[in-house]
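If you scroll down you'll find the structure; I have some questions about it.
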Amino acid sequence: QDQVDLRMTIWSANEAHLAMFNEIADGFTELHPGVTVTFDSLPFDSYTTTLTTQIAGGNAPDLAWILETTAADFVNSGALAPLSETFAATEGYELDDVTEQATALWRADGELYAYPFSTSPFALFVNNDLISEAGAQTPAELIEAGEWNWDNAIAIAASVADTGANGLIVRDFNYQIWQNLASIWRGWGADPWSEDGATCTFADAEMVDAMSFIHSAIFETGAMPGPGENVDFFTGDAAMTITQISRASLLPQGDDAFDWDLVPLPSGPAGSYSVIGQAGIGAFGMGDNVDMAVQFLAYLSNPENSAKLAQFFPPARQSLLNAETLGATNPLLSPQQLETVVVAGITNGVVLPGHAGFAEIQQVVRAELDALWQADADVQAVLTSVCDRITPML
Amino acid sequence: MASVTLSDVKKSYGKAEVIFGIDIDIADGEFVVLVGPSGCGKSTLLRMLAGLETITDGTIEIGDSVVNDLEPKDRDIAMVFQNYALYPHMSVAANMGFSLQHRRVSKAKIEERVRWAATILGLEPYLDRYPRQLSGGQRQRVAMGRAIVRDPKVFLFDEPLSNLDAKLRVVMRGEIKALHQRLRTTTVYVTHDQVEAMTMADKIVVLSGGRVEQIGAPLELYDRPANRFVAGFIGSPSMNFIEGRVGAGGFETDGAILPCPPGVPVGTGAIYGIRPEHFTLAPDAIAAEILIVEPMGSETQVTMKIGQTSVIGLFRERVSATPGQTLGISIDPARVHLFATDTGQRLT
Amino acid sequence: MASVTLSDVKKSYGKAEVIFGIDIDIADGEFVVLVGPSGCGKSTLLRMLAGLETITDGTIEIGDSVVNDLEPKDRDIAMVFQNYALYPHMSVAANMGFSLQHRRVSKAKIEERVRWAATILGLEPYLDRYPRQLSGGQRQRVAMGRAIVRDPKVFLFDEPLSNLDAKLRVVMRGEIKALHQRLRTTTVYVTHDQVEAMTMADKIVVLSGGRVEQIGAPLELYDRPANRFVAGFIGSPSMNFIEGRVGAGGFETDGAILPCPPGVPVGTGAIYGIRPEHFTLAPDAIAAEILIVEPMGSETQVTMKIGQTSVIGLFRERVSATPGQTLGISIDPARVHLFATDTGQRLT
Amino acid sequence: MKVLVYGLMSVLLIPFVFPTWWMVTSSVKPISDIFAFPPDIVPTRFDFSTYGRVFELQPFAQQYWNSAYIAALVTAGTMLFSSMAGYAFARIKFPFANTLFMIVLIGLLIPAEVTIVPLFQIFLGWDMINTHWPLILVPVFGAPSVFATFVMRQFFIALPKELEEAARVDGLGRFRIFWTIALPLARPALGAVAIFTFLHSWNLYLEPIVFLSSPANFTLPQALTQFTDAYGGALWNVQLAAATMTALPVLIVFIIAQRQFVEGLAHSGLKG
Amino acid sequence: MTVAAKSSSPPARKRPFWTMERRDSLAGYLFIAPQMIGITVFVLIPLGLVFWYSLHEWNVLAQTFRFQGLANYQTLLSDPGLPQVLAATGIFSVGLVIFNMSLALLLAVLLDQKLKGIAVYRTLFFSPVVVSLVAWTIVWGFLLQNNGGINALLATFGIEGPNWLRHPTTAMISVIVVQVFKNVGLNMVLFLAALQGVPRELYEAARVDGTPVFKQFTRITLPMISPTVLLTSIITIVGSLQVFAQIAVLTQGGPGMSTTVLVYYLYQQAFQFHKFGYGATLSILLFVIVAVLTFIQWQMRRKLVFYEN
């Protein structure tokens, strides 16, 4: 067989991740002698930028990890190779095992262009020590009482904030990555744009209510840290944080350890909901080794390897979505937590918003929303102007 | 205008003493020249007068007031620097008027003073030029103009002509002298040029190693130098010195006996001083072996050997002899200076 | 060693012509001095000889070969620059040996030559020093050492002494002359110093505005300057010039009649030239009004007015008269030069 | 008066030294103390484990070596080629010298962001992507070297011409004059160029990100951004430890050799 | 001896082709060859390519590369973001240059004194220059947070500091100030050298003339160092128009568009929004602005700058 070198870009430079990927790649080489796979780590911050530069320079990788926000761009661009046929033809692949929701983002006209490689639900980590100190009820108690909703959740945060610690942090939001607020506004049923992506819904009543809620949590009750305040839940400085469950590994051990809990997102006016982040892996259609790249992708995502990957990257395979499998790789979480947060989250979750040309929309919205993060902001007016600006782009 | 008095003025830089207690009296309107070898403290002394250096000890008076602790600007002096220190970015007029601007003088008055100075110095055509557009002599004049506009009590000059070429130096020397004759401002002038000192000074102060060697009128120093240092320093080419002792028949040196002035006891070891221009050709007098002959047009400089000492003679005549030959020369004892071998003090 | 011949050498910088066709023959072993006012082209000429400037026209021969297009290194010349151009990053020995290193000379031989040159110049104690650790005179010597180690055909000097002070200049002048007497290498020497030119040259070339004014031995130029330019240029203080016309009883100028050499037709308008040192005091001769008296010890310089012209006289005597008084002076007609009013050419 | 000057200077100094101080001290604080408000000026608790983790998370030693050898090569190359060009532009007369110099100066006006895509294409054509060649060739021969050429030219213009003429008379050709006379005398300017060039290469950020893709090839500034947890979140304390290790050697070398650095810069002919 | 009359001029000789001038020119070309080739390959050709791209619509992901003439330039004229970007660029550059130059001058004047330990101060003021830009900016990012070091410091004086990076004005000030502290050491050293190059006699003359200290500074020092001021201001302006990493780390161009300077904008357009054709157009705009500004400053030197020769 001809010598083929496949190259795949990922954002992680983490040694454990790379070791696992290399192990899988070695397995593939055994099946296909002469085929090797190398993994290029691009910095997370500039991942898409660098990838784009490589493509522009004519040096597209054979495979690439793709973030949910740019999914639409890649899937619709025609740059990616179609996968369905090869997957279906691969023995023991069991394409049906991959959930319908998880692949929605990566399909165009029924064809699958990337494999939903990591599907990570958003949940709420809780510092029970701080909450008890503030004399508030813990989320667990509220869940028990069936009163786990945003009003109560934010009240807890506010009471902790009153003690001088911090309330609720939306991790990685930093007043820049506004799409992470979907983990809140979905509780109001709000969305940035319509399902087909053609109409701006930022100024709709649901979004205005949700944003007003967030605004007041920041500027009136102080339940959320304000802009320009860098605080971290995992150092024990905040009552709660919304983030993906995989961050559990950041929980401090030993001296700094605190009594933590992981709970599902509270329900909002529109009922209960969940939100997931998702990354896909696609093969580029213009390379010389497209077929081999697609075959590797099929190998990488077969049930056996998916189970391996699950220790870092929550899978989108029904068969793996049970507390038992997930528990083996997430020893910190209790079966109950896995069941209510992870399995339920992945099964029912809505993916973070994305759109064709998302990077530009992201920037424009970010710039417009900066006006919202002022104490005296007029929520309705700001959101209306967001729509004014992005409607031409949708 | 004012007199200037330095009394026991001393200066040290840290531990290093450079001026060792100097007394000089300068009368109102006098032109005093400071000379001395490089590093003897001329500039330091002048700068202490100007207030640019502090005084370690002693007093300096200008007019009737002690100025030890006055800022330069309050001493009412003007200074001309060796490299002129013209402001390169200002026109000639601006350079000259600059000091008046800070003394609440009206524009019209400044203009008038500048024009007056420019007229005296022949600088009218250049008032709008910049220093870089001027020749060396013109720059020198601007520096003087800057000094005179203010009509200060004392002018201080630190080697103002040393950056000019020989011809121009002669011209500017004349101009400074004329200016002094016209304005009669008390002037202290530092130079290391013989001719400048001799021709310009009312009074020369010879310094050496931070001490005064002699103060006097130019010809006084030339005719009766107080010590060997001054004798060697004043006059060009330098005075010749021959070691030996006073004998009965004249001054005895290794290989020759020379005419000797009276008044020094026989037997005294001494240094015999005779200026190059004070030899005369005289066939049957002292025999000197010729080493080098350098005709210079009006004069001929001959390096020759009297006894074992090589001396320089300057003759108005053309000397056609060549190296190796012997020249007959005579010496007028009245022109001879004798100095103590040890102290170098004048003996006669 | 070699002769040097310049034939119709010209130089233009772009459109500006600066050397207008110069012919000079220099014999083997001769010491030729180029003098002339600043900007007359002395350095340019020397640099063309060295090969540092290209020649616009004409030929330069060194020995028997035309060197017009030879690189400096192939001309076998050595040059001493005004600022010495010592390599600051090399020791004295390295500076002197540097040129030999590039001529495939063995190490031992280089060392020998350097030591030889150092001995001649008294530089042995300084061979390991760097230029910055030397005094001005020592640097000058190193520059000469660098030139002599190679034993070139021709030495070129561009104002080598002008950065030294007066005393040192005299010393180094003697050393260069002694060196030339010892090595007898053909030498071209640029200076603007009168005394250097007069005392060092076998032959002086007077340049002005890119042309040769006169070539001759020093005393020839002093005694019989070919034109007014040379007359004014050679001699210090400068020759006095008085305008007027040759009359029957002498030279007639506004307010005075002066003794006049024979040989110029009566009635010719002319310029009368007389050197300051050629006036003598004579009570009843020509009356001159005294303007300035500058006693200088051995001589007295008097600025005075003859008729309407102000002239300078240099007297060996002390002159005790003061400005305003009248001085009686006499002039030896044999010492008088007459020049054509228009061309400035010598008339007698 | 003196006290006033010292006082003023010391106050002005705060924004210049405090950030570095903060970086160094924070790198040995436990992460929770980094976010303490108000920040501790002197660490109260120490955690040196971050320094070990720097090497666990990335092939940091290798990356250190990459940065060092690239910067060294770039510095040496720039010193050579820029001084050659600067010398010729200052000292040798040849037709179109001024025009060519103007063309070279265009390099001063171009931010790296402008030409990075075409450069990427060029290096892809030469099969040099994910090698260190672009990080060496572009700084030595491209836009970043222009500043060095400019500095060297300014310096050589001011170098007395007679030195070279003496060397010509002494029998040297152009290249040897350059190598044995001009270059040794240009040490102050070369020093300044070396500092600039080294720092520029050492701190290069955009280019490595674009041209390099495997961690073993990374350079330090690029590596600094890679100290994230498994989910892209920054590991602040590890990052600060790595940043400290990146900055300290340069800082120490600078402090030791600051006289040469500063004076070289001052006398580099950058006086207009 | 008089001027030798040459009887016959020597026969006209043929000059060899490799005259001294030609040999020297060749040497000149060889000396600049490495850099000239480098500039051609790594600057001129890329610049030409950038211009070529600017005439195209090029979407990297969609793989479109379509010639469209000056359409991108028309887009440029009607780009609603551009006025804001140009304003931010202008404010940033002007603010940076003014603050940088005046601080550099102040420091240079302070350091120009003969005081004990002055070298230590000089070293410390210069030290940020050698710290990596990314590290420097990250640290300042921490310090400038609402609950960061700066406000903590202000709080000890009872001042409630603004939320620096979250208000358009203070964000711009912050970016400028961080950049100035990073690099002002360079200009400081250059100014220091220039100050030390002013002949001491000028100040002495001024003292004798009775010029007040402040006037000495404005009327003598400043004009005398004006060539250095010009050169450093050009370098600083050109540098300020290329500032990128600071913005990326500190503000990402916000809040709003308040700190989105031209380089950052073109980076966004090309690399984040994948509009390489339009990015290339903005690149050309940036290049033209830098070139024009440099040219204007260079021309102004005749009016504003004093040159000795």
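Which chain is which? They are A, B, C, D and E, in the order written, and residues in each are numbered from 1.
We adopt the following convention: contacts are C-beta pairs under 8 Å (C-beta built on N, C-alpha and C of every residue); 3 or more make two chains touch, one makes a residue touch a chain.
The structure presented is a predicted model; accordingly, all values stated were derived computationally and were not measured.
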*Which chains, if any, touch subunit D and subunit E both?*
A, C
_Just to be sure I understand: going only through chains that touch, what's the smallest number of steps from subunit A to subunit B?_
2
_Leading chain pair when contacts are tallied as C-beta pairs_ = D-E
_Averaged-CA centre spacing for the pair subunit D and subunit B, given as whole angstrom_ = 57
*If you average the CA atoms of subunit A and of subunit C, how far apart do the two points sit, in angstrom?*
92
*Taking each chain's centre as the mean of its CA atoms, how far is subunit C from subunit E in angstrom?*
53
_Separation of subunit A from subunit D, taking each centre as the mean of its C-alpha atoms, in whole Å_ = 38
*Which positions in subunit B touch two or more other chains at once?*
none
*Two or more other chains in contact with one residue: find those residues in subunit D.*
117, 121, 173, 225
_Interface hub residues of subunit E, defined as touching at least two other chains_ = 21, 142, 147-148, 226, 276
*Pairs of chains that touch, anyone?*
A-D, A-E, B-C, B-E, C-D, C-E, D-E
*Interfacial residue positions of subunit C with respect to subunit B in the complex*: 38, 165-166, 170, 174, 177, 192-195, 198-199, 218-219, 222, 234-238, 275, 277-278, 292, 294-299, 301, 303, 314, 316, 318
*In the complex formed with subunit E, which residues of subunit B make contact?*
47, 50-52, 71-74, 77-79, 81, 83, 85, 87-89, 98-99, 102-103, 132, 146, 150
*Quick one: in the complex, what on subunit A touches subunit E?*
48-49, 52-53, 55-56, 73-74, 77-79, 175-176, 226-231, 286, 357, 359-360, 363, 366-368, 370-371, 373
*Where on subunit E does subunit B make contact in their complex?*
199, 201-202, 204-212, 215, 219-220, 223-224, 226, 306, 308-309
*Which residues of subunit E touch subunit D in their complex?*
21, 24-29, 31-32, 34-39, 41-47, 49-50, 53, 106-107, 110-111, 113, 115, 119, 121-136, 138-140, 142-143, 147-149, 152-153, 155-156, 177, 181, 185-186, 189-190, 192-194, 196-197, 226-228, 230-232, 238, 241-242, 244-245, 263, 266-267, 270, 276, 280, 283, 286-287, 290-291, 294, 305
